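Lettered A, B, C and D in written order, each chain numbered from 1.
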Amino acid sequence: MTEMANEILLLTTGGTIDKLYFDALSEYRIGDSVVGRLLATARVAQPFRVVELMRKDSLELTDEDRAAIVQAVREAPNARIVITHGTDTMADTARAIGGIGAAENKTVVLVGALAPARFAESDAPFNLGMAVAAVQTAAPGVWIAMNGTIFPGDKVRKNRAANTFEAA
Amino acid sequence: MTEMANEILLLTTGGTIDKLYFDALSEYRIGDSVVGRLLATARVAQPFRVVELMRKDSLELTDEDRAAIVQAVREAPNARIVITHGTDTMADTARAIGGIGAAENKTVVLVGALAPARFAESDAPFNLGMAVAAVQTAAPGVWIAMNGTIFPGDKVRKNRAANTFEAA
Amino acid sequence: MTEMANEILLLTTGGTIDKLYFDALSEYRIGDSVVGRLLATARVAQPFRVVELMRKDSLELTDEDRAAIVQAVREAPNARIVITHGTDTMADTARAIGGIGAAENKTVVLVGALAPARFAESDAPFNLGMAVAAVQTAAPGVWIAMNGTIFPGDKVRKNRAANTFEAA
Amino acid sequence: MTEMANEILLLTTGGTIDKLYFDALSEYRIGDSVVGRLLATARVAQPFRVVELMRKDSLELTDEDRAAIVQAVREAPNARIVITHGTDTMADTARAIGGIGAAENKTVVLVGALAPARFAESDAPFNLGMAVAAVQTAAPGVWIAMNGTIFPGDKVRKNRAANTFEAA
């Protein structure tokens, strides 16, 4: 495997995982991505690169945004790609990336969090660990890593009432 | 896949991941396993079961202890087994489990932490996430999930000076 | 000092300190008060009692709400009262309690947080520690404990642009 | 009050509050002081200065060490002094500082932690908040801030069996 193919590319697009809290405004906003800090805390020794594509709630992603994510996946020289993403439309983006993964021999894993990584109790570090593992061990294709499960990207949906991902 | 085979079995054996701190004695001790709490925080929706085998530093594991771990792996009806383990002799235990994994069509992932899970900054949740993902996606056999990497269990060692796992 | 007077009464009214995050709605809400958990983590050996008065952003407090807080302070048999409160109108409530503190020989300390206590990095535990200390050591009257400072309750304002409390 | 007298001086001497964990050695050691980080997280707006005097378990403090702490208190131009200290002999150091506080019109507060500040669940931020408040509001003299209580420095002891401070 070439060095580029071995490197893990992490594309950040926003979502709950990167939410900050602003008291003056009494609201949440998406801040700098926590991905780099989470990988440092986990003492990741793999070569990796973090690229910020956008910083949006996934409900606010436009068709152009989604096309930009698909393009970034297609053009990346990497065979291992992790995408951090808001959870509400994560499954839509997984379907948009669709056949690229398998066709180009790339393993693409989408991942997010149900609670901001900046919370003391968050699923973010566990979920990112799942994504980093799956991108090394899962077959080429598109996957979603949430709720302790590696779902095929075309067979998963978010159950908003239960706030959990489930097979679809 | 039968329900039992689908369930993830988590065997805990001790190690840094479960270290507590006692001020009165100015020393650490291995406490109740944090595995259940980490899985709850990660909102794991997979069926799983946690079984405590022992509560030891991995340098203190005897031949009998290691034999008990191997036996637990062999006798478990589960096809997906995660073992939390101290890091110093994790590779030894991986070798002891050896061919059982592939022979019995089981995926076994050993995992631990370089900093106690009770620390604010610990690799424990990320590592456990890696293990839970790898046990679902990696081929039958024995694996070690540390430092952001899924290592084949017979081709890894801990570099104690660097306090990191590396291919061997 | 009688036992009742010695006991610390903690009145909770809401505010950022108790903010939760809900992904499905992409919004925050005020949850169960974290005060009890913070006192347990701090291993507080003082007798104390926690009473929830309301659960509101301080910008949403009505005149009736503020009157209820003043009444609770007046009627409490305790000489040591801590009030957790949103920061935006904390100084208003301090002025409303006004002379009660000194007149009735009660030390009242208002405290809140600029980041939710559920965040890994929050001023909440430090601030609550300040309040619990000031309620034991400050003279009867009304005080605000924020930004590392014990302010007299009638000589402090929140600088919203700087998101910090300052002498006024 | 002059600016120097207003500034809070924080002297660090070691103890559990600053304990790190080293996996390679399977032991705890005292690391860089966490005091600066705790004050930053608490958004302390008071002027303060942190000076490291030593980095020891309090059971290892020699007579010379304790004399150096007393001297630092005596010679400091500050009227507000916080000392972070291991808990086992904190009361001894408080007695050694003894009458200096009241005689020189200085308020001195000793504080530590029963769990390392680097733990997710630690009494360290709450305790440091207590100390920073007490140093502003307590009368000149020597105080100990532990277990939610501001104790007079000559009337407190650590109950090692219960791992808690109590009036003596």
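One rule holds for everything that comes next: a contact is a pair of C-beta atoms (placed from the backbone, for glycine too) under 8 Å apart; a residue touches a chain by one contact, two chains touch by 3 or more.
Chain-to-protein mapping (UniProt): A, B, C, D = Asparaginase.
Keep in mind it's a predicted model, so treat the numbers as computed, not measured.
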Fewest hops from subunit B to subunit C - one hop per pair of touching chains: 2
From subunit C, the most remote chain by mean C-alpha position: B
Approximate Å spacing (C-alpha centroids) for the pair subunit A, subunit B: 25
CA centroid of subunit A to CA centroid of subunit D, Å: 44
Cα-centroid distance, subunit A relative to subunit C, in whole angstrom: 39
Where subunit C touches two or more other chains, by residue: 114, 120-121
Complete list of chain pairs which touch one another: A-B, A-C, B-D, C-D
Residues on subunit D engaged by subunit C in the complex (per definition of touch): 38-39, 41-46, 48, 114, 120-123, 125-134, 136-138, 145, 147-150, 164-166
Residue numbers on subunit C that touch subunit A, as the complex places them: 16, 19, 21-24, 26-28, 57, 59, 87-88, 114-116, 118-121, 160-161, 163
